[in-house]
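What follows is a structure written as structure tokens; I'll ask about it next.
To keep things simple, chains are lettered A, B and C as they appear, and every chain counts its residues starting from 1.
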């Protein structure tokens, strides 16, 4: 009689213990995946689900392309099961540090032969002749077709690491792909009517977007939070004469003074956030959809 | 029998110098070939183990031995260079993972091994002090290099110029020691490990200098045209990488063309290994792909042929020693003729006399056997460090 | 104790020939044998103890016809019944005094070494005034002490016949007399017979009888 009364208590205790320790057990079994930017972190989180702990350690207020992690962070990257990189010379810091190559996943490898080069000032010295820095355009994910390929590379790498979860990864990948393809359709629709219209960009980060949708895009080197000086305005006016754009794409909300001056020149500003870093609210997809909505204004 | 042993023991212990000498001679002649056998077996095992744990090595066509010695043991002979494109080629086959190596430069006589972090995982190398490589310009020392040079994490180590007179060539890089490895009891203990990119910095393919595009000193700029800035020779190249100048370090040229000395290929399975070997053999590029175990086995077979000569020499010396020992016993017998005659007179049989003398030989031989077993036991127990100290540096 | 009849002996190689028609030693007698060097005195001792055997004639010692025994029988007879005392002591330098005294028990199965024998050895050594030197090496002893060890060795098995070949030959005058006294006392105490070869004419009056080997025919090598 005494034991029969104890059994339910025992069951409850066991259940409680399982609930307490199971998350730890799952956590201990998770793949640790580090990425170099937010889009890749988003793709990895969508595909891996509970199978991975995804870490993107760059501070929220930096451009991950030009961020330099400290030594402790570099060591954390070294210890990851997978290091998901963008490729196209995106994260400048990678060429300055030591990482285990066999655990690095170059997500843009499938289309490396179609990278766009941007004009950069080269320099030369010694006997090597003229050399050019690889002014490779690196915001590859802004072309949803390329984003899909990057996601596929991530899924393949995860599957190699955890074959047992292959089905899960495939299912999640398909879901992500359908979202990205839907985004691609929307952007295509939105940009069709604006195909030949000259558009300006405040920063040279929209190359792949322009190629994907055939946008007539030209860039300057402005920052959203910095008002251009007079020489920059003078140069801008010259560009406008050759490239009479009515819209300028900004990476983030520009300074109101810049907006006003642009408006006085007949150029309206819209924000198209490349979303290289984690947004303050929402996620990659919601930011892209918001970008698409902004572009609808351009096409009207 | 006990009486014989007792008398024999008394004789042997009384004439302890003679007895010890005999025991020493017999022990030596027994221990030498046996311990040599043990040590050579252990040498073979140690030399082979590193080779056998390395599945495949890809390099320029040429001496397979030079390739393997350079890649596995960081030998002095520099094989012909290949490029990172060959490492890429291995990846593209989907049959193996590549570990590129660039073993060309030296730092105070120690080989500087340019590698990726994967090399450390592959060889099971762990950090004993400090940390592993993180930034350009850093180095991690093998245990013995650190000991020999008296270096610790935080110290600096200068790479050596390739030629004293090639002033425009490879110039010294001041490397920051960030870690020291645990003893690996292999060639890794004697190496200075750097990231591949740091090795290219030593070569001058990757470098850092003052910012050139917006420079104001006109004496630094020779020409600005077509979006290119040509610098003068006055431009300072950094010979040490610091947090302040690391951003200025950059690559020139296509990284796929960057040189390496070999690629260690880690095939996924035996089938992949066979296919990979076939592809490289049939390929257009002048490359070779070797199985280090086979190369070293061939080398050892040649080296250890000398063992037969050693065995023959030891046999002859052994025979001579045995003859000498027989002579010693015979002379000893002659010297003891009077004693033998006396005990014969007292009533001792010739058989008992033979037993006495035989017992002495048994004691000497037993002592030698014991000492031999003891010494062989010690050799066997410490064969690994003995081989490392005596044969494999 | 000893009887020799019609003995004819030649050493192998024919270098020495000895003829003894008749020779007797009574039981308990202390007989001295004298004669020039090479006259065959030591050969006599060898014949009596069975170390060598004659071609002709009979040798009887301690009630046994030694000349009729086999090699093994003669060895056993020798070790049980005959004690030897040599001129050069013939001790083993690698054994201590006690082990030297016990040596006959270790070289023949005819004698059995037990605790009783060890006790007797100690007693004997005490009687010879070397009881405190049992653990010492023989190298550390004086000539007289060495001979006493030899005498103990000879007497320990309780021999019926003691053969002394120039037992005092290497001793100084003082020790000669002393050793002879010890020998005579031991022989008397054990009821043994002493046959002593000697060159020392000063000691002859102390013996019961003296035999001159010149009385026996011998042929030296030509």
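Definition applied: a residue touches a chain if its C-beta (ideal position, glycine included) is under 8 Å from a C-beta of that chain, and two chains touch if they have at least 3 such contacts.
Please read all numbers here as calculations on a predicted model, not as lab measurements.
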Exercise. Name the most central chain, where centre means the mean of Cα atoms.
Key: B
Quiz item: Greatest Cα-centroid separation from chain B: which chain?
Solution: C
Practice problem: Report, in whole Å, the distance between the mean C-alpha point of chain A and the mean C-alpha point of chain C. | Solution: 118
Quiz item: Using the average of all C-alpha atoms in each chain as its centre, how far is it in Å between chain A and chain B?
Solution: 47
Exercise. Calculate how many whole Å lie between the centre of chain B and the centre of chain C, each centre taken as the average of the chain's C-alpha atoms.
Key: 75
Practice problem: Write out the stretch or stretches of chain B touching chain A in their complex. | Solution: 97, 99, 116-118, 121, 131-136, 138, 195, 197, 204, 209, 212-213, 227-233, 235, 246-247, 249-253
Quiz item: What residues of chain A sit close enough to touch chain B in their complex?
Solution: 68, 71, 74-75, 78, 92, 95-103, 119-126, 128, 130-134
Practice problem: Under the touch definition given earlier, write down the residues of chain B that touch chain C in their complex. | Solution: 3, 6-7, 10-11, 13-15, 338-339, 342-349, 352, 356
Quiz item: Which of the residues in chain C end up touching chain B in this complex?
Solution: 46, 49, 51, 72, 75-76, 78-80, 82, 84, 86, 90, 92-95, 99, 103-108, 110, 113
